[in-house]
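The first chain written gets the first letter, and so on, giving A, B, C and D; residue counts start at 1 in each chain.
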């Protein structure tokens, strides 16, 4: 067992456990923490895959900003244990279906013949070059980039309009 | 045993981490001492004086006191998170320091690993921000898990405040990044080598003075210090988010706060003040001996003090200090050693300067009101930082515009 | 050569006028609308004049001059360019159309002055000018067809100009639909042309056609010509599709003058003349054209005998005159046909305008039986109308005489002449002269038969009378190009047009240019011409009309009683409309009602639609239950859908 | 040093996504449902990065970047809505928000 494998398994375990906890936890804040755990372990996996920049952004934006917002809102609304109503029997069907899809996909990927997913595994060729990434971002993907900035602006305005107390 | 021989990098890292932890912990303790002393003198008091000479053993006493206090956990609290919060806070604060280069990479182990930095990664700054951005959780979770009114409000306030000021903090730094155009700390520092007009150091603080001010302001807010210490505003909410905490958990929050102070000071030093670079041209050979000389002078003063004022046990303690100072000074006067410690010396000097400014502000400034805090952060600080960024970017591309 | 190199200007001017008036005219004062409408057409006429000047400088080998502007549509080998061409024939048509059009525009400013929808009228009129000019300048069949249909459209719009009057609206529809019938044939003809020659531009067609032999029996050329002629029948109101023209008189009189006398209805003649290389090679088709023309000429003349509505009389005379033109083309003397087309444009336009002036004076009265004695009250109208009548009757010295004389001459001695054709023509000429003078006598002579206290007869304003005078002048001298022929000289008109008709003419059939016997002396020739049958019958008709309607005015009634059956037959126009109604309209109506409507529409279509709707309603009523308002169940549906689709994706093997 | 095969990352991503779906269907609190959406997004991101590594192309990373940005915007607006909901209704349980029905 070499280092990448160990790291992968640890992180994968953490991620899955986090996701399960997210589902089982009864208090929203616990779900949030579980989700943060998932995100952090994913960040490590990104590092393992050599995507340093993405890993950092993942931590900064997801764990450091978005989830903080979630926690903040949870605190603000002081949410405690969520009540257990059950009006939708159909949900269970959905869950079964989801699990079917999940297992089937995993099975399909696991038994995928060599070459379905081409290329080398993680940790082989060194890290992605952040400079190259930025070039990609600002030359071929410039328009989508600007579009997202517009989107952000709109989101800001929308959030302000929503959260404003109407007097 | 052969595992060690197989992984020299691992071993070196472990050793470095251990040393760094020890140093930083001690530093934390004595920063508290420093703060109390300085504020005392600002308020024309003596400050800690009785535990050890000039209260030098006060931090130790505090630590012991925290250790032996009873650890109270409110029954209604959310136990898991309640325990988790202080660990989150402190561990994040300490992890951040692992990225700080205290000296030039030129000083390295035989296996080529730098001595003065634990992990020298290409996008260090991003990672530092990643870690500090997580710092909110300690405070917020603490406030929430105590399940009591004041802590909750304190946690809310501090998380809101941290989110708000993190924006300005990051943006004020981007200007420097444009100048340095790397994310690696050593790279940024190397970029500040050299002089304008042969005597003004090429530090980023000169072109980025506005950015520097924004950074310092935002940093103070990030670390919840006066005048931005709303989360623990005694007069409004007893002790803010750590009202319910006691004993060593409280101590951890305490240490985390000071560790954060040190981290942001280090960052300021690296980004704006040329890190471990000396302010003087290399041609001035005598600067090699500045550290040694300083220590020797300190030793001399201590000796004088020992003889004139100290009495009883304090005199013995102070004699030890004197010996240490003189010995260290003598050691530093050896050229080889002098060359080695140049970087760390200047780095520490600059950090101390910034810390002093921190404490100074605490001693002088009153506290903001909450709405003032928010409006200041969003309506003044952020626009200024943005303007600074835009102007910098514009100046950067001017040559391109001219030469196509 | 500004115009010749920019032929499109001639088209653009009226089109611009139409657009401007149509878009803004509603808010503008009449003066503005006038200036736009008349101005655009006048400019068009000036452009044509300039074009003629430039054309006269062209070398023979540059004619026809083709201006190709842009490729309109391309589908495989079928490529249509928007191209215009100019040759002698086009020149004649252009001059006639634009000049008469201009005069009639001016006239209309007076005639329509008190009508609503003034701007609409002029917008339509300009549009008509645009399409008519397109029609005559077209360099290929498709562009020609555009003009062809365009004028049809404008005629429909203008006949139904008073669309609140049901009869007008119906007349418009009738005209449109009837001409459609012919246009079907025309379209098929165009397709057949393309299938045969692989091109629809006149140049290529004629070049290829000139290589083909004359068809002794019927052949593809015959088929093409007959199909195209079907279109001409519809457009030019020949038997059996003439029925729309008399009803078209529901439109304003200037419209009747411009569209239904001077220009549009002659489009068929123009088309036949234009396609002469094909017709010349299809004798059978030629014969058909001639017969249809001759029969129509005679037939509608007989109807004209008993009509009492002044415009109806003129309408039937128009039909019969068109018949003469086709007769001319049919017997192979295209030049004579075009010649008569031009002169007819002058005097028939004049007749209509004068009739309009009369109606204007009578305050809208159209029944001749309620007129009479207007001679002194509206002298200008009277004199001009008299001149026009002399012209159409073929009294020597007037325009009509020369053209009709040529036609009959060709029918008698030209290529593929025939005695019966000639006879029909001559008798028709006599009838024409009779009913035209009947019209004049009933209208202007005798005692007034209207209530003089209510109707205040007044001469029309200047802008109506001036065009009358100009046209009267043309009706006299418009035919004198051909005058030298009478003394054995050259017919300048024919010589001018000769290149068009001789260029691709089949080898053996030499164009009928000189029809006078050269060996006799000019005086004899002149005498011979002046005492020919056409003149005799014309004078005869004049005298009979004089006897009937001036001398003893009760003769007509007695005659009507004595041959009552014939009289009623004529009065009811041979019951053609009724016959058509019985044979075509009713069956169609029956089928439409009982099959198409009740079975197809209600049964199939409505059934399908309602069925779909009810199915949707039922299923919606069931599916509605899914809208539980419960977000979680929605989410579950989304998930299930995703799963199903993924599984399908893989089961179908899309990897 | 052997490398971790890409398939494993993809399997992990699939598992996380499935768990996200389960959470999405199971949870009743608006904000936790929101979180499960974020979880799914993260799973997709992992797949993106894995493929980017597999083909050694940067586009995958760019997409991840965009996904994160969009997620941020979404969180801003969504949480605003959540706050509004909490302000106007006493409960944040989606099953109590079923007024919009047939």
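Criterion: contacts are C-beta pairs under 8 Å (C-beta built on N, C-alpha and C of every residue); 3 or more make two chains touch, one makes a residue touch a chain.
All values derive from a computational prediction rather than experimental measurement.
Trainee: Which chain lies the greatest distance away from subunit C when centres are computed from Cα atoms alone?
Mentor: Farthest by centroid: B.
Trainee: What whole-Å value do you get for the distance between subunit B and subunit C if each is reduced to the mean of its CA atoms?
Mentor: Inter-chain centre distance comes to 101 Å.
Trainee: Can you check how far apart subunit A and subunit C are, centre to centre, with Cα atoms defining each centre and the answer in Å?
Mentor: Chain centroid spacing, subunit A to subunit C, equals 79 Å.
Trainee: Taking each chain's centre as its mean C-alpha position, how far apart are subunit C and subunit D in Å?
Mentor: 75
Trainee: So the centre of each chain is just the mean of its C-alpha atoms; given that, what is the distance between subunit B and subunit D in Å?
Mentor: Chain centres of subunit B and subunit D, defined by C-alpha means, are spaced 36 Å apart.
Trainee: Touching at least two other chains at once: which residues of subunit A meet that condition?
Mentor: 53, 57, 65, 69, 74, 76, 87-88, 91, 94-95, 98, 101, 105
Trainee: Which residues belonging to subunit C are in contact with no fewer than two other chains?
Mentor: 628, 630, 632, 635-636, 639
Trainee: By residue number and range, which residues of subunit B touch two or more other chains?
Mentor: Residues of subunit B never touch two or more of the other chains.
Trainee: Please list, in label order, each pair of chains that touches.
Mentor: Inter-chain contacts occur between A-B, A-C, A-D, C-D.
Trainee: In the complex of these two chains, what residues of subunit A are touching subunit D?
Mentor: So the residues of subunit A touching subunit D come out as 2-5, 8, 12, 15-16, 19-20, 22-23, 28, 31-32, 35, 38-39, 42, 45-46, 48-51, 53-54, 57-58, 61-62, 65-66, 69-70, 73-74, 76-77, 79, 82-88, 91, 94-95, 98-99, 101-103, 105-106, 109-110, 112, 117-125, 128, 132-133, 136-137, 141, 144-145, 148, 151-152, 154-156, 158-163.
Trainee: Provide the residue numbers of subunit A that touch subunit C in the complex, in ascending order.
Mentor: Residue list for subunit A touching subunit C: 87-88, 90-91, 93-95, 97-98, 100-101, 104-105, 108.
Trainee: Please give the residue numbers of subunit D that touch subunit A in the complex, ascending.
Mentor: Contact set of subunit D toward subunit A: 1-12, 14-23, 25-29, 31-32, 34-36, 38-39, 42, 45-46, 49-56, 58-59, 61-62, 64-66, 68-77, 79-84, 86, 91-93, 95-96, 98.
Trainee: Within their complex, state which residues of subunit C touch subunit A.
Mentor: 628, 630, 632-633, 635-640, 642-643, 646-647, 650
Trainee: Which subunit A residues qualify as touching subunit B in the complex?
Mentor: Going through subunit A, the ones touching subunit B are 27, 29-30, 33, 36, 43, 52-53, 56-57, 59-60, 63-65, 68-69, 71-72, 74-76, 78, 127, 130.
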